[in-house]
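Each of the two complexes below includes chain A, the first together with chain B, the second together with chain C.
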Partner chain A sequence: MAAPLVLAILFLVIYPLFKLVYDSLTQGDGPGNYVEAFKSSAIRKAILMTLAQSAAVTVLSVTLGSSLAWTLRRATRRSVTAVLWAAVLLPFWMGLVVKNYAFALLLAREGAVNHFLQKLGLIDQPVQLLYTAFAVVLGMTYTMIPYAVLAAYPTMTMVDVELLNAAQGMGASKRKTFSTVLMPLIRPGIVASTAIVFAISIGFYVTPVLLGGAQTPFIATVISDDIFTFFNYPRAAASSVILLVIAISVLGLAMKAVGLKAIRGGLG
Partner chain B sequence: MTTRTDRILDGLFTWVGRLIVGIGALFMAVPALFIAMLSFSNDQHIAFPPKTWGVNRYVDLFTSDTWAAPIGLSLRLAAVTAVVALLLVLPAIIGLKRSNLRGGGFIEGASVAPMLFPVAAYAVGLYAVFAEVGLLASFQGIVISHVIHAVPMVVIILSTAMDQIRPELELAAMTMGASRGRAWLGVTLRLLTPAVAGAAIFAFVSSFDEAVFITFLGGPGLVTLPKLIFDSVQFGVDPAITAVATVLMIVTSALLFFATRLRKDVR
Partner chain C sequence: MTQVTATSHGADKTGGAQDSVTLRVRDLRKSFGGNEVLRGIDLDVRTGEFLTLLGPSGSGKTTLLRIIAGFESHTSGEMLLRGRDIAGLSPSERGLGMVFQQYALFPHMTVADNVAYGLRMRGWDRGKIGKRVSEMLEIVGLPHLSGRKPRQLSGGQQQRVAFARALAYAPQLLLMDEPLGALDRSLRLQLEEEIKRVHRQMGTTVIYVTHDQEEALVLSDRIAIMEEGRFAGLDTPTALYQRPPSTFVAKFFANANLIPATASADGSIECRGSAFSTQTDLRGPVSLAVRPRSLRLEPVTNGLRLSGAVVETLLLGDDRQVKFDVPGVGPMVALVDARQQSELEPGAAVTLHAPAEEITVLEA
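Showing the complex of A and B:
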């Protein structure tokens, strides 16, 4: 009964990825596609931008996400957990395009953020927020926080809270308890969360286009330009493979560090 | 043992933690509230704070014919995607879970993997395959890409649900005289129904919301609702989008909230 699913995976998941690698090495300049990709300053810039901004997104999402996940774990009042879960899942519920649109309006020249900054007297003139790396990082962090929370949460539910009480009862400070008792226990969740958020982040397309514009190209935007504007499919395939290799390496490293189960558990 | 500085630093630590959580929760809520607020402005152009209030944008939304066709296409795509994804995954998961077939874990892993791949790279792979077989810019092609996009979530939901249903229940039904098929329908499938409904909703919403595959594979002819919003935000802003976005948020939230509840019913 699994045959249709297996066939679908073979033809629609594995074959396209295989074809991508094959085409990137045989079409156009063959392996030279990669040389060409790395020689292009636009692609080099896009790769660096993508990695730097995805790293920032990962740090922010995992910090906020695991704090929220731990609060969810510890909260006992039903009303508190309900409100927090709703807040965490809101980005999922808003839809991809809608939430980016919301950030575009918030960060626009006449948007709410500039309005409040001016009201507070922090700035005299509206500042450019939209179409900056800051906007992209903010919008992507918003999108990735639910993933970060859901990835970190399962390991947190397995932590025995009495251990923390025991540590404090024996005289450890809260900071010490956090760094020597809690952190080692939740590490698999944090690592899974970091890997998942980073791997998904580097493939982002909608947010860099809507909030970053031409200033902050992502690998995905360069790929789409290569296909639709420059009709250079071989180079697009090469860039896609670079993207894939980065994602798979990050996930592989995480899997090596904390095991497949922590990653799989982090997906829901 | 704990000194005064320790206590002060601990207090600080607690408050920094609370601050992070507070900022996090606020950050999550603001964009949704902001869009909803702007949708009730009657100003000609989007501006903050709105000078006049009203429901003009909703009137625009329901009277203009810009939105009807894309919404119709998105609904059709989402419905077909949900059905196909279920037909593909449900038999597979039941088969894998009840047969202890070797490689079941691998199949499950491979079907969840697209969730973790960079979407853009995967879209290019599909683009190449579709160009080969003539599926670019076709309804069927988009359905295929949306199904693959939905499969991981459907697999996760159904597989977790199946793990909660003990095979002994089926066996018990059979020892009490039920035929294999009857035990299967009356026990396992019945217990699985909420999860199936939940998975269908998740698949529906994931297709209804999808904006990347449609951009790479849809060509100029197929314009779904997310594509239309995406394009109009890129090239000048129609204020009616705030109303569309608000309606979308409410409908999607309600659907996904319901689907999450259904998922919990199994547990």
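Showing the complex of A and C:
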């Protein structure tokens, strides 16, 4: 029964990955592809930009997402949970391009946000919002919050709410209850959420292009340029492997911190 | 065995009349939507006493306990802990001890850290905490398990840890919410004894919630019986059992048979053809509460006579439980000496007698 599945995984997952690594080491300058990739200032800038912006997106998404997940955990009124779940899941059903164009419209020079800020008298002239790092982080965070919620939620459902009562009954303040009881118990979910959001974020392509333009090159953008503009397939393969190694390292560290089960629970 | 007193770390004793009452509750009410869960509770919990809230599920006993703990809000009424108004305080400011039905031990902490939690929150220094934790684990008989995590313990052990944890900081009042509800019978009996012993040893004031009448009988100095958000009776177990104040208490707590009867002007009772004299002030239609043990096969000089047909008999060791049906009244239960075996086959006619002094006359 499992044989077709194993074959599918071999051909569709393992083989392409192997081929990617193999090509990056044998085509063009061979291992020199990596040297070339690291020597290119465009790629170095893209790597730094990708890591920095993904880190910002991760902090925001995980903070907001886990608060939302906890709210979902505690909400007792059905109408409230229904609205919250809809808010979490709706962005999933919207295409990435649709979401990004919605943000592009909002953040444009003549867009709703500038209009609103001018109405309030906070600014005289429209400010540059679109094609900034801010726009990219905002758009990516919006996309990543549902992932953060879904990754953090399973551990939160396992927390016995009576434990918080027990802590407060014994004299713990709200803050102490959070740091000594809630946080240690939901930590696996938070780590899983962080790892998943970060690993997905560093592979983003559409949002940095549409909302950041030339200001925010991500590794994925550079890889695409290498393939379709400069026809430098070997260097693209090397950059792809670098991206892959970063993603795997992050997941590996997270797994080491909280175990595979927590991460898998987060992935559903 | 280590001796620990409740007052050594408790708040100041204010002296005078306040001293004897630890918790005073006045006209406490609680509604959920339009539904009244607590309908005016008045309660004085005396210092050092073991008071049980006993009632069927939905009677409001757990809600009352959780309101006292501060986990739930109340709609109106007063709560004074040693004279101090606690109604507006958060659970952490009330400083009470709490034992939960599902233990609520912190799964990520060791047994010792669980017991130390309340002490840490009170800012005790490490040495003092360590000493008190081992004292408490000694008291509940688990000193060898201090390094374990809760999930490595049995249910009974977990509840002992929860008990030690709640008592470690010597709270003025310990609240226990059906702590033995999740345990099997033999373990329950064992822990009942232990709770009683520790209560005697530490002298803590306890409010205990249960729906188990036997548990309440064994443990309590006083029992408050709850019915639909009110106290149906509040007294010592003996008084409630022998002189139930209402038909609800008679049936729910004393397992009494209830028989309709009529009281005439001189206090004499007429019931199904038999008449006897009592001291009752009630007149007109009344209910007679007769405990199964009070019904016997021998005639009595002044008392109730009931005739019916035996439905079934059950041997309970020294006693024989006789279920019989009295036409027009319904099924009754009697406990008779098991040696009196004769004429009690199912279907047989039987006449049972109860002396007047063992019958409680209640408002119908």
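Rule of thumb we're sticking to: the second predicted complex is superposed on the first by the 268 of 268 C-alpha atoms of A that agree within 3 Å, B and C clash if a C-alpha of one lies under 4 Å from a C-alpha of the other, contacts with A are read in each partner's own complex, and residues count from 1 in each chain.
By definition in this document, a residue touches a chain if its C-beta (ideal position, glycine included) is under 8 Å from a C-beta of that chain, and two chains touch if they have at least 3 such contacts.
Computed from a predicted structure; not experimentally measured.
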Touched partner set for A:L185, first chain B, second chain C, both or neither: second
Which superposed partner A:S173 touches (first chain B, second chain C, both, neither): both
First (chain B), second (chain C), both or neither touched by A:S67: first
More chain A residues in contact - chain B or chain C: B
Contacts of A:D160 with chain B and chain C, given as first, second, both or neither: second
Touched partner set for A:L251, first chain B, second chain C, both or neither: first
Touching partner for A:L20 - first (chain B), second (chain C), both, neither: first
First (chain B), second (chain C), both or neither touched by A:A151: neither
First, second, both or neither for A:L90, with chain B first and chain C second: first
Overlap of chain C and chain B interfaces on chain A (superposed complexes): 171, 173
For the chain A and chain B complex, residues of the former touching the latter: 1-6, 8-9, 12-17, 19-20, 23, 63-65, 67-68, 71, 83-84, 87-106, 110-112, 115, 142, 145, 171, 173-175, 178, 196, 199-200, 202-206, 209-210, 218-220, 223-224, 227, 233, 236-237, 240-241, 243-244, 247, 251, 260, 264, 267-268
Partner chain A, residues of chain C touching it in the complex: 69-71, 90-92, 94-98, 100, 102, 104-108, 117-118, 121-122, 165-166, 169
Complex interface listing, chain A residues touching chain C: 160, 162-163, 165-173, 176, 180-181, 184-185
Of all residues in chain B, those that touch chain A in their complex: 1-2, 6, 9-10, 13-14, 17, 20-21, 23-25, 27-32, 34-35, 38, 46-49, 87-89, 91-92, 94-96, 101, 104, 107, 109-129, 132, 144, 147-148, 151-153, 156-157, 160, 208-212, 215-216, 226, 229-230, 233-234, 241-242, 245, 248-249, 252-253, 256-257, 260
